[in-house]
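Same chain, two partners: chain A is paired with chain B first, then with chain C.
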Partner chain A sequence: MTSPELEPTVIEVRGVSRRFGKQQALEDVSLTVPRGVVFGLIGENGAGKTTLIRHILGLFRPQSGTVRVFGLDPTRDPVGVFSRLGTLSEDRDLPGWMRVEELIRYVKAFYPSWDDAYAESLRDASELDPKAKIRHLSRGQQARAGLLAALAFRPELLVLDEPSSGLDPVVRRDILGAIIRTITNDGRTVLFSSHLLDEVERVSDHVAMIDRGRIVIDGPLDAVKSKHHQVNIQFDVPRSDAPPLDTAIAIQGSGREWSAICEGDLGAISMRAEGLGGRVVEARGATLDEIFVARMAGHRRKPIVPKEAAVS
Partner chain B sequence: MQIHISTTDGVPIYLQIVNQVKYLVASARLAPGEEMPPIRVLAERLLINPNTVARAYRELEVAGVVTKRRTAGTFVSEGGAPLGLDDRLEIVAARVDGLVAEARQLNIGLNALIGLIRRRDAALGPQTKGGDGRDDQP
Partner chain C sequence: MKSPAMAMLWESFTRQRWLTLTISAEFAILFVLARVMPHEWLEDPSVNVIGLLFVIYFFLGVAAMFGVSAEQPRTGRQGYPERMYLYPISTRRLVMLPMLFEMAAMVVSWVVMAMLILRPMGFHPPVATVAIALAAAMAWLQAAVWWPFRSDTSARLVAFLVMLPALAMAVAWPMIVRAGGTAVGLAISIAYIIAALIVAMIGVTLDRCGARQGDREASRFRDRFESLIEVISGPQGPFRSASRAQFWLEWRTKGRGVVILVGSLAFVTATFLAVFSGVVGGVRIFLLILFAEHCFICSIFGVIFAKDDPSKRSILLSPFVATRPMTSGRMAGLKIGAAAASLLVSYAVVLALIPIWLIATGNLSSFGLMLKPVVESKGVGFVVLIAALGLVVVLGTTWRGMIGGMLPVLTGRHWVSNMLAFALILGLIVVLGLTLYMTLHQTQRMAWATWALAAIPWLMGGVLGLKLIVGTVAFRKALRRGLISLEMLAGSVAVWAVFAACVMGFMALLLRPIEVSTWITLAIGSAIVPPFGRLALAPMALDWNRHQ
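Then we have the complex of A and B:
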């Protein structure tokens, strides 16, 4: 149904930088999305997630660096890329004047691989009225219509930019379900951006964190999580300043009690704490949310004292 | 099969599944020979990555809790005691760690803590079933 050759790498971004006026939106961004994974892209609003995705979709040409999707340059070969890629963005730009059935016929015309039965099952499951005008649909129903258009030709790659943004939990579940169903069909790949770390943690194999236009974390979710710990440290003597734990990304507390998000081996963290006259009284794996907040703390308010951004 | 996934306590999701399935087997809520949900079905129901479910099933298979039958699916292993005492203790070990750490912070000695556990256990009334794990010693 799609092209027979299956490249092991679906998206390859190499050294991409982009400036809007004085604003450095992307700075030397590189990432690789292997086939068959769910790749979660996380970052604050304005960090560069959407700009990066627009480069991947070929809507922006990189000012420097290269973008390849299925080995193709999406700005030079948009047809080659878009025939194999389904996409849904936060501002689901669907033609509001069309009825649902017209939208389905319209989108279908672009894709030889369109699956009528699948489209109908999606429409039916979403309770989308074929006669309803798109602009009269609720936000959630518009998202479901957009999802139908992105899925029904069974694309090899699904690219979702903040698909859950502003939607209620029921529609969010539908979207997560669609991501999961997409990859249970062998060889399919999903790239999605989100600021909802709970859903990223649930469905991603691989995560990348983007901060002010730079990739600060990139790796398999398990690897990212297993090297970050949340530790509570108790000191015998109250401290007036944060303990200089070199493995801590962020640390907060006062007096004898401090808690930190640390990177690296737990044994080494314990030894370091002991060297400073404290002991680790509680330790567990950090959640993605905690890692994210700790990484972002560097340019926020102060109660969390940041380590210098000693990251990749 | 009721499984609850949390992304707020830092426990890897595959491990949450492994522990909960072990628990369900140990407490006989999953019976020997019972079929486990297919990977994609459980992934969609829990809204988690199917690779995570596959990893949990692999771990459960290695641990002998479930058995994969070629082409037929995955089943709770037949025969044998559901789980040995060590395995069951391991399930509660993480919570015991938290309890002990908190007791230390509150300056509660181990004997006082064990005394409390005994009193709370007594308050819950007699254990209804099994009891092979109740190796009470003074």
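Then we have the complex of A and C:
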């Protein structure tokens, strides 16, 4: 039998679908998280990030497809999975009545690998008063307490659902910089979801973008970025409509000047632009933010604020 | 909604749908009982006392339904709901509208209770004076709940000066009415209502202006109380196992609360029943009500063990608990264990209250006299044995009720618990209907009774068969899926067997001498009473909740 430590894949999601009533929350989602990476899951609010993470944690049972964590089904073997996995949910659902020391005492009982010295150093660094009640802590402090509970047994995999939600930039940087790096330096794996693209871009090795329940981008961050380009195209003759650039995910402009976010080889994009009577005057690698906005803007159905309301 | 008043009224009903249903059901039961219960029963003091408790619970339900209060998320203190301060309406209306609804609800409830239930039973209580007095009491209760107890001494002094005479007057009110007549009683009640409205207005105005300093204070008080408990319980070392840690969590979030609730209610009931301590059979009434109340409250509150946080509406297992490395079977077992522990500790509190009450009311000798003929005719050994077995049966049955209440909530699906609640209410209506039918058709009663007696063994056999099938299938599935271990299965079967033996022993002692044919029915009945299917289904239900 192969030792779990040698398995190259930590999470494997295959063809998972989930429907809540009439709403398709996940549709045929497949995802692989290799060992030892920081994996960022990005998407709009309501895109399905939390639903996917809940499937990975076994809190949701897939209606179709399979989820394996360390090669185990989290709904069939929660003990096998959770003894190696630390997690922090978006809701920070820590019991408010507990004191910080009680939280540590309670969580510690579940993990033989609990590292007291590490827990103490995390508590000290987070300036958490052991006598303080969780409900009296600030949101940032609660996130730190939750992370302490998730980290101090040195899990092989850390799953964070929107860890930065509602936190100020300093706490965000603390969490994402110090904690995630600490984990990866040990050769451990982190999966985290966020809609804050700058933080994902800063710390992730791999990214997956989820849109309306489907994975639309998945791969190493560098590869994703190198595949996408932001190009400015100039046409000799003004155009009344957007040029039909088939590699473009999103395109905007007017007259002779158009800019696009394109996917694919830059040479092929240039050739296609020339075929349409234009030329690429400027090109650079697209940022994750630009890729995300381009993907999402392509199918926004309605403006958030109705026109009449915006005018009034 | 056409107006804020309608919106607030709608909210009262919507927020408390189940409470509305419960007090409606209670009213329906009282309504039917008032018409079908033989009048000679009312001559028994215990029936009167139980009836009075029923009426009190009914009015407490009405008060809870219409009372406006919300927990402040940061501190857990009750008070005027902060979100309502954001409504674009004046403070006067924020105070007046709920107060008027509450008082109107009390008045209507009392009038309906007096006319439709108490009068057919042969009681003729004053309608107007009590209705207005109840409205005044409700107004004061609400004003007190809304008062934003400030931490500075002057504000405390004001609260003390206002509240103390109010409480004193509430106690003295019946005597004043007796001495001064109805007009005086009405005048005092109306004056009280006006005073309550003024106090509520001041309180809510202060609160809306941000004078809420008491939250921290209340919280600090609670923290100090908990610190005191920690000092008493001594230093807390690390848990020796995950099971102990999980049990501690269950105990701290639910078990302790049940003990405090049962203990407090038992104390209030004992104080209330001290009034009746002098009547014939007073001790018997006290014991009956105290034990019945304990069983009832524990059975009702067993349901909270199924939840992570009893103060929240959600019945889903929180990710914090669901992601602990522990099998669903073990988690469910610890919930059931914590329920049993709270039952035992609260029972110990109730038992401790009994000698205190007997001594305080001078009934210790009456209690001795009550036991004397039984001890003399049956012997000490028999009494001790039957008392011990009876204790196991009562506690076990209550525990069974607690698990039964937990099961639908453990699934984490509101539709399951709603469906079962609906089925229960339907069953209750059927039973009430049958009772009413049989009362109206006296001639058929004997035929019905004969048929029912003949059907009982078959019905019991069917129930036992169903119980064993459900339990066996559920245990098998739970074992296959690794939710429970063989040790847990053995433990569950042992609990069932021991409890069944105790029930059998208790019934045999109680009913002896028994005919041979009755033994079989008795054995089947004893096997039905202990939880078996429930113990098997609990891990499955929790697993269904954990992996939605």
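As a working rule, the second predicted complex is superposed on the first by the 287 of 312 C-alpha atoms of A that agree within 3 Å, B and C clash if a C-alpha of one lies under 4 Å from a C-alpha of the other, contacts with A are read in each partner's own complex, and residues count from 1 in each chain.
One rule holds for everything that comes next: contacts are C-beta pairs under 8 Å (C-beta built on N, C-alpha and C of every residue); 3 or more make two chains touch, one makes a residue touch a chain.
Treat the numbers as computed from the prediction; the structure is a model and nothing was measured.
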Chain B versus chain C as contact partner of A:Phe82, first or second or both or neither: second
Partner chain(s) touched by A:Lys225 [first = chain B, second = chain C, both, neither]: first
Which superposed partner A:Leu94 touches (first chain B, second chain C, both, neither): second
Which of chain B and chain C A:His195 touches, first, second, both or neither: neither
First, second, both or neither for A:Arg284, with chain B first and chain C second: first
Partner chain in contact with A:Arg14 - chain B first, chain C second, else both or neither: neither
Which superposed partner A:Arg239 touches (first chain B, second chain C, both, neither): neither
Residue numbers on chain A that touch chain C, as the complex places them: 54, 57-61, 74-83, 85, 87, 89, 91, 93-97, 105-106, 108-111, 133, 135-136
List of chain A residues in touch with chain B within their complex: 38, 173, 176-177, 180-181, 183-184, 197-199, 201-205, 222, 225-226, 230, 234, 281-282, 284-290
Partner chain A, residues of chain B touching it in the complex: 5, 7-13, 39-40, 43-44, 46-51, 98, 101, 104-105
Interfacial residue positions of chain C with respect to chain A in the complex: 74-76, 219, 223, 236, 238-242, 244-246, 248-249, 252-253, 309, 318-320, 322-328, 481-482, 546-548
